[in-house]
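Same chain, two partners: subunit A is paired with subunit B first, then with subunit C.
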Partner chain A sequence: MHRIVVDAMGGDLAPDEIVQGAAEASLALTNAEIILVGDATVIGRLLPRLRHDGGRVRVHHAPTFIDMHDKPGEALAQKPDSSIAVAAELVARGEGDALVSAGNTGASVLACAQQWKLVDGITRAALAAVYPTELRRGEKDDPFSLILDVGATVDVVAEDLVGFAVMGSAYAKLVSNNRRPRVALLSNGTEPTKGPAAVVAAHARLLTSDLNFIGNIEGLDIPRGVADVVVTDGFTGNVVLKMLEGVTETVVRLARYAHKERLSWRLGLFALSSAIDQLKELTDWHQYGGAPLLGFAHPFIKAHGRSNARAMTNAIKVAHKALVGDLCGNISRTMAELA
Partner chain B sequence: MHRIVVDAMGGDLAPDEIVQGAAEASLALTNAEIILVGDATVIGRLLPRLRHDGGRVRVHHAPTFIDMHDKPGEALAQKPDSSIAVAAELVARGEGDALVSAGNTGASVLACAQQWKLVDGITRAALAAVYPTELRRGEKDDPFSLILDVGATVDVVAEDLVGFAVMGSAYAKLVSNNRRPRVALLSNGTEPTKGPAAVVAAHARLLTSDLNFIGNIEGLDIPRGVADVVVTDGFTGNVVLKMLEGVTETVVRLARYAHKERLSWRLGLFALSSAIDQLKELTDWHQYGGAPLLGFAHPFIKAHGRSNARAMTNAIKVAHKALVGDLCGNISRTMAELA
Partner chain C sequence: MSLLTRFQRLATLPVRVGERIGLLDHVPDGLAPGAPLPHHTFRWDLDKTYLRTEFDSFADLAKAAFENAADKQAYPGATALLRALAQPGHRICIVSGSPTQMRQVLAAKLALDGVAYDEFVLKNNLKNILRGRFRSLRAQIPYKLPAMLRSRIGAPAARETLFGDDAEADAIIYCLYADVIAGRVSIGDLERVLIAARTYDDDAAMILDLAQRAPKTEGISRIFIHLDRRSPPVGFRRFGHRLVPVFNYFQAALVLYQDHILSARQVIFVALEMLDSGQYELGHLATSIQDVIRRGRITRETALRLTSDANEASQSGALSGRTDLPPFEQIASSFRERVRELGDGPLDTWEVDDAPLDYVRLVDEEHEHRRTRRKHGHTSSS
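What follows is the complex of A and B.
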């Protein structure tokens, strides 16, 4: 039985949508138990009204919670009994196997960093994000790629980047059913000598690894989907991710600016409006199961702050998949082979 | 008389379009002399056939040239008599005031670095790029922003970033007629404490400067045009620039993928095809006068490799503007005030 701990109080739509997502996951997953952490009175009022498997969901009380806009460090110090701190602690003590939260990203990453151990051989944790690309790939014709780190580790050395490559590859294998994910380093040129010292040294080490390492890629290759796993430091990854978030919006506005004059263009835009909506949905990749925090001895899936019940169910399913596929064990074994 | 040295042999369309662009600039500019550096026999065949001001264009012979795909360091070492090396040397010796080239970017930046002095107070050079944004700004309703560095300096310390801010602001003032360009640091969060140590320290120093410093911006703010001058290290700037280059292409393909099914969408795309062409042109900012290499005691305008005659004329005009407005002197004075 895999025990998945869910922060019931984290997220814009918490606790209602979080509890509902957990209830639905209890019906969808076999061999899983869901532990909802949060205000037991509130959850106790919500849960009985929802269809769920009573044998697979239980509540663990935490009297306080951290708000989406609280400062992570201060909030955790002031609220050691907050739902995210208690949830991370349950897993650290061996009373749960994985964590899912839609709450304050900084606070949840910090709670794990304070209480969880890193996988043997991993030097720094990384937050990964899934994004849509032009090319499809893998066995299931999947138009998504993974980029990491997107903000957990801002300054990196070469061995951090090598760890990110191993973790990203293991996650893509598991979640995208892609047996040999193409792993690339993001740099300012494709030559092995391009980039800061950490990127150049990581390139040399990845060439000798068993990963499907395709070398350096450039900014242009990110949306194209040339790689399944894009490896970079948390600073650059964060800038890239936020640029990807704005891409649809920007192009639609630029297009309007470019052709506000002509009637045929206005008609064309009107005919395309449902396509643009569909494009927005496609590029809103937050709905696709959440961002994994990789590198710790337990899986943590960070669902988007705006997650509804469906998004939470998906995030819980991803956490379950990570446990069934022994994600952390795979990362540990690959790091041992590399060393 | 401002003497502008032009590498006649650099660029995909060299020497024909380069020489033609220089010929046109000789008619358009007053108080300027253009020195074409390259194979005197070849240029001597081209120039007489073109309308130009014979008193404002002259040819300086260089027997060899560096190809677009040559390795910069090797090529410069093997060809000290190449057009770009000779052109940079002319300026270094005081026989020219500014340099324009559409040739191999790495080789031309390296030629300047080897032969030119940095402006007093500037620690590292930066290559800047102009890109289109959603918002318009400044006195001339200009929809463009500047980002630097985009590849000259990959590893930076705080004082490098402060220098980039001063140089970018001086250039935007001059070229965009924007009296108080809004300068921002690119980071992974808007708080002053966000980012690598160099960014945090540069933030603190810029707050005390006379620049119109608006603080940190994030990836999403780049295409929006929240800042007129975006300051970052050459690694991140290069990744960002190459992502911007691919944005139209990517969204058009994503849109097609999202709606290949519906007839109304296909008709809509057809109606929009000329708008998409116009958008492509708008986002092909290379036509807008070239990328300045900032930080050296002389202006260098790097025109895009695919530059035609019109693009070269524009790049020569920008170099002229930099001389008339004493760009390098302004940078030097601002750095002295800051120190």
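What follows is the complex of A and C.
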């Protein structure tokens, strides 16, 4: 039985939507136990209102929680009994196998970093994010590519990037059912000599690995889906991710503007409405649940701060899949082969 | 076999054949002449309560009808619980909505499980069809309520405990039965409920007569509702504190332990059967304890007392030969830890609401719910 610890108090819609997502996951995952960490009185009032399996949803009391806007380091130091700190500690103590949180990203990552060990051979953790692309991949025809790191490690050396490539590949294999994910380094040119020293050195090392390394790609290749796993440092990755989100929001705003501005444009949008709905479904982050924090000895899925019940259920399912597929073990074994 | 016995069997053959094919109603065995009255009666539903039965489509229904006894699956822990309840002075009565034609296979299943019972009543749907009473095919109140009242008249017990599932009808029927025999539902009110339940006039008259004749007592201490559909437990709150929704039979055993009906050793047997089913691990049982405490259905003290009593039972051999389990102290420690995990904050409390249930409204709501389910392609259950 896999035990998935969920920070019940983290997220804009916590605890109601988080508890509901966990309740639904308890019905979908018959060989898992969900451990909800948070105010036991509050959770105890919510759970009986929901369809769930009372033999598979456990509550662990944590009297405080960290707000979405709190400063991570200070908040964790002041609230060692917060839901995220207690949740990370439960996993560290071996009372849980994976963690899911929609709460404060900095505090979640820091709580794991303070209490969890890294996978053997991994030097730095990486936060991965998925984004929709033109091409599809894997047995599931997955439209999403993975980019890592998007913020956990700002300054990297070549060794860190190699670790990110291994972790991203292992995750894509498991979650997208993609047997040989195409791994690429993000750079300012496709030539092996282009980019900062860390990228050039990582390129040389990845060429000798067993990964399906396709070399360097440029920014324009990201939305095209040329690579299934895009490897970069946390600073660049975060800028890229925010830019992708910004472009999407701008397109939506432009469409709204067009809708208001002219009847002919409105009719054109109406004609395209079913395609737009499909696109919306494709890019709906509620579907993929959350972003994994890779590199630690236990899976951690960071769900979107605005996660609703559906997004939380999916994030818990991803955590479960990571446990069933022994994601951390696979990363460790690949790193050992590379050494 | 003596000639006399052969003759007696031959003489009862038409009745037996009639009952088997459903042309005649099976008359439940009442108390033997001179037998003492039971002091506690346990009434069980079968489908979705004792037996894992899928009724969600007509294919499921057909499968259930043609399964043999060995194929039928009891819920983990249900068999051990039924066996534990079969004590001297206790009476086990089964009232199921399954058709009478299934008596042989269901009786064989209960025999295979080693479950002894005193009464076994099934629904005579063939008779309903032959009489053109198609409303009765689905109706539960006009079938189960008189069956239970008749059983009570035949063998009145001071206390009763009822087991059903989370099809809404079970909770309504059991509470209605409890209130009728407690004298809380007047004949006029019962008549209105029967009209709402679309009961045929002669059946309604028969039920009203039974309700008047049934010995009155406040003795329905517990109604267990097995959450087969995983319905939200809060939906059953309106039925009052006596009704306990349970996710599994370990939880039912815990409540019965708190009520001093089961011993710690018997609770252990229920737990062992659930572990042996392969569908539960020790962690699930510990979490199940936490769940009933959280819902205010057993106290923290009861859970802690159970670990201490169960320790004594394990030392006197309740776990002998169970090399697959960790030492009992380790199990007890994990159970205690699960209770501690809830912290010291206030847990769910029950505000006692003495307002009588509005059964007419409940029946109307149940009908509406059933119609909605049918629209979505589900058949009725129980």
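In the analysis below, the second predicted complex is superposed on the first by the 302 of 339 C-alpha atoms of A that agree within 3 Å, B and C clash if a C-alpha of one lies under 4 Å from a C-alpha of the other, contacts with A are read in each partner's own complex, and residues count from 1 in each chain.
The working rule: a contact is a pair of C-beta atoms (placed from the backbone, for glycine too) under 8 Å apart; a residue touches a chain by one contact, two chains touch by 3 or more.
Keep in mind that this is a model prediction, so the values were computed, not measured.
Of the two partner chains placed by the overlay, only subunit B lies in contact with A:196; subunit C stays clear of it. In the overlay built on the shared chain, the residue A:80 is in contact with neither subunit B nor subunit C. When the two complexes are superposed, the chain touching more residues of subunit A, out of subunit B and subunit C, is B. In the superposition on chain A, A:3 makes contact with subunit C only, not with subunit B. Of the two partner chains placed by the overlay, only subunit C lies in contact with A:60; subunit B stays clear of it.
In the superposition on chain A, A:51 makes contact with subunit C only, not with subunit B.
Of the two partner chains, subunit C is the only one touched by A:27; subunit B is not. In the superposed pair of complexes, A:39 makes contact with subunit C only, with no contact to subunit B.
On subunit A, the surface touched by subunit B in one complex and the surface touched by subunit C in the other have no residue in common. Residues of subunit B that touch subunit A in their complex: 132, 134, 143, 151, 154-155, 186-189, 195-197, 218-220, 222-224, 234-236, 238-248, 250-251, 253-255, 257-259, 262, 264-265, 267-272, 274-276, 278-279, 282-283.
Touching subunit A in their complex are the following residues of subunit C: 227, 229-234, 237, 247-248, 250-251, 280-281, 283-288, 290-292, 294-295, 338, 341-343, 345-348.
By the touch criterion given at the top, residues 1, 3, 27, 33, 39-41, 44-45, 47-61, 63 of subunit A touch subunit C in their complex.
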